[in-house]
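One chain, chain A, appears in both complexes that follow, with chain B as partner in the first and chain C in the second.
Up next, the complex of A and B:
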């Protein structure tokens, strides 16, 4: 039974974006890990990945965007995360971002959008 | 020969002391005089590509059109040797001269210059022609050198003019650009900055910028740190966003594109960059993002409130329905009970009459009584009446519980609520869910009444009891489960502990059980609102506390605490 559930987990990697989610385990959150520079180019890839994932997840599930390895974020990156937060809210999906590096956090803060996000680090399910 | 030598020396002297074009006039004057000619001219194309000639005895060199110049040359010269011809007039001189000799200049034979000499009498001797040849050899070398120098000078002047034009264009571009343009040295210190850059940095005098780093000019000292890392690593940055917090508190969002110039050993010697202020654009975008977030938030709250209201309404309706039915049953129950009492009373009378008849000792009476088994009937009837009384008492209790359980506080005020009584009444309502799966162990202390909406607190207790019963039932275990209810008084709060020995709650979802729409039940079995509404009732409405503990596999415990005094009163 447990093996079947684990088998329903999925991992996808697109450039500096890694997506982990499971069809079968409500307690196993969907996690999107972003690395490196979240510039304009990567931001648009992230947008596509997040929106697709949000549409895929059933309502009530948790979605974490792990930005702990992001060393630079552009305003477009913050904008796309805001748009994803809005979309997640419409789909009744809880949207979290991991704790942010000070420099990344200051961009969120300067844009006045930090308070909209809940910072919580994802705990990956044991495989 | 000596004459030619003297002339050559003279020509060297002329060209040495005078670098201007007028030297050509002095030269042709000297040549004309040396050969006792009456006319002399030097035709040439100068470094400016102008077609000119210098006439002996004149003051200034004369310019011709190319066609006119070539017209003079084509018919009267040979490209590689001296040509003699007769009767010709130099342009601008009206009187023709009789005997002419012309010689091409320039050893290269490029045809860029010719010497013409004219005599009126005697013609040209072979010696003179030979001398003329020697002289033109000398002069062609000199003129070729001068031409080359002129050409170089012209090329240099043109290059300088081009450079000046480029410099002017670059300076205009640099100064009038609306974006910041700068250069830095290898230590990231500004070496130049335009006026847009000064405005962006909020500085008036460029001396306050030159020699300084970005970090020294803005409040967020690390603003350019990532830029420096990228430049050092990649040699360029393209459209990198940099946020500058100026010392006057103004925040500017910038888009920077720069590249590094490195020396042969790879060290950066200069950085040239361009920074665009995109603050306005970002401000507009931020407003849109903010608006969308606010809209989504309002929308979410509306949906949640609507769902909560629907659920509250549903529960209230069920309660009201139950109370209504209970009330309807209560009326016939009243007369049924009354009739029962009357029947008992009538029966006692009949029993008394029967006893009196038996005392009369009528022989037939015994036979009739035996046949009808009257003694047995009277005994059974007593049992039936007793059972009926018990049944009526239970119905009365259930009806009373139902009517009280779901009562709606009419004016919304808190009432005195007896927690223990509430538990008892709720257990009656929940009995059907619990009785087949678990035993209930009660430990109800004498606790004071609390101000509360009793109906709502009963809903919370019912919800937790039903959850516990369903969790135990879901285990499909062989032995019966156990639900313990305990009340206590602690620190100004009346507490209710409801524990079960079901499967418990997994640790990872413990923080979410009070969230709206969170459920682990199968679709259609739960709304995910029960505990959320319970939380709302206890914490928000009654200013109490609702917590849960669980050890997976060993059951769960919910703790309700209600203040014994009305909050804020």
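Up next, the complex of A and C:
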């Protein structure tokens, strides 16, 4: 069942950002996978991608930002995720981050923003 | 025909180099209309050496060189190699009747833009020279834009220094030292610091870091400077100052300032040092934890809080630290800890020898620990030694 549905889903890759979502399945979450170093340059691209996706999704949908492959995040990167969280909340979209490496987690923690996010793994949610 | 190297101010030139006068005549004829349309002066040289002599006088006006390959005294390939070395911004083209592979390879390594054969096809010749000319113009324009951007960044850096960099208070009871380094090449940045005297032997110590670099972050530091003293500190001087209340106010103020943008984030620390009471009361909005060094032992000042600007209303916790003579308070921005693959600042502080230039030695020690030659983010280190 899952395999059939995957064919209906769209994947877009912009440099180190991979976006997976589906128009056809309202229950399927949108997933944004970020790789490498979420520095200022990538943060600007991620902001554009996330805001566009949030505007595309219908209210009530789930949006996951998978950070398992992010080795470094700058405060600008956390700022972009925080802004996306606020924007998603305004549009009634549930926003999750997942699988933070210790170094990335410590940046969220120092900035006092870890507790603002809900951590949930999209793979666990799917199964 | 005599070689021409007339001088002129603001004139753009193309230099043709060939040991055969007839070829130079023919090339000038071919380029006459093209040069007229673009207001380009055509210079000619009968040898590579003469070409170099013209270049010595007029290299700033010459944008493109078309050179023969086989010439007495100095080959075209050697000439173009010397041009590349001395005048790398000039675009060069090779025009030859010979297919000497070795010489052509040498010319290619001299970075020639194009290679044309004699006898030439008029249309092809003009098209190649036009392309080279346009390329040279684009490069010049880009260089001008880069120069202008750099000049503006330098200006912004100077302005930021004038507006933000305070004269730190100096008394025999306390000694403040600071070092601020913006990202190399950007001249200005998002680090903020200030030490405000708020009463006899009382100082409000502030340090912050705007997410991002350069002008955008520098603008935000300007806003911080513009609101902190006139709108808050001036009204509370002489009365009780609470760092947590101050951060709560500053968060709300910056949230308002960021209303038309998104993704802006500022980490900020505020501490009130009272030397008469021997106390340091502090609160933190997502900033790196400062440290205190007491009798050689380094201790972090760990109080957490949310960075400024994300949420409209945030409450901050306050902590109290008892301070004594010879204690050293160390404040810094994350440029210090993020150098290389990351530096553990408290461990670093313990290793740095104390003394008047402690803050500078910290910076050097961080670079050394990270095996890096420079910082990749704005970095500020502010120290306060109680005498």
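The working rule: the second predicted complex is superposed on the first by the 115 of 127 C-alpha atoms of A that agree within 3 Å, B and C clash if a C-alpha of one lies under 4 Å from a C-alpha of the other, contacts with A are read in each partner's own complex, and residues count from 1 in each chain.
Rule of thumb we're sticking to: a contact is a pair of C-beta atoms (placed from the backbone, for glycine too) under 8 Å apart; a residue touches a chain by one contact, two chains touch by 3 or more.
For clarity, every value in this text was computed on a predicted model and none was experimentally measured.
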item: Fit or clash between chain C and chain B when superposed on chain A; value: clash
item: Partner chain(s) touched by A:74 [first = chain B, second = chain C, both, neither]; value: both
item: Which superposed partner A:47 touches (first chain B, second chain C, both, neither); value: second
item: First (chain B), second (chain C), both or neither touched by A:59; value: first
item: Superposed model, chain A: greater residue contact from chain B or chain C; value: B
item: Touched partner set for A:92, first chain B, second chain C, both or neither; value: first
item: Which superposed partner A:14 touches (first chain B, second chain C, both, neither); value: neither
item: Touched partner set for A:82, first chain B, second chain C, both or neither; value: both
item: Partner chain(s) touched by A:110 [first = chain B, second = chain C, both, neither]; value: both
item: On chain A, positions contacted by chain B and by chain C; value: 40, 74-75, 78-79, 82-83, 86, 103, 110-113, 116
item: Of chain B, residues touching chain A in the complex; value: 220, 222, 226, 239-241, 243, 245, 251, 253, 282, 285-286, 289-290, 292-293, 295-297, 299-300, 506, 508-509, 515, 517-520, 528
item: Complex contact set, residues of chain C against chain A; value: 209, 211-213, 262-265, 267, 284-289, 304-307, 310-311, 334, 338, 342, 377
item: Chain A to chain C touching residues, read off their complex; value: 40, 43, 47, 51, 74-76, 78-80, 82-83, 86-87, 103, 109-113, 116
item: Residue numbers on chain A that touch chain B, as the complex places them; value: 26-27, 39-40, 59-60, 71-72, 74-75, 78-79, 82-83, 85-86, 89-90, 92, 94, 103, 106-107, 110-113, 116, 123
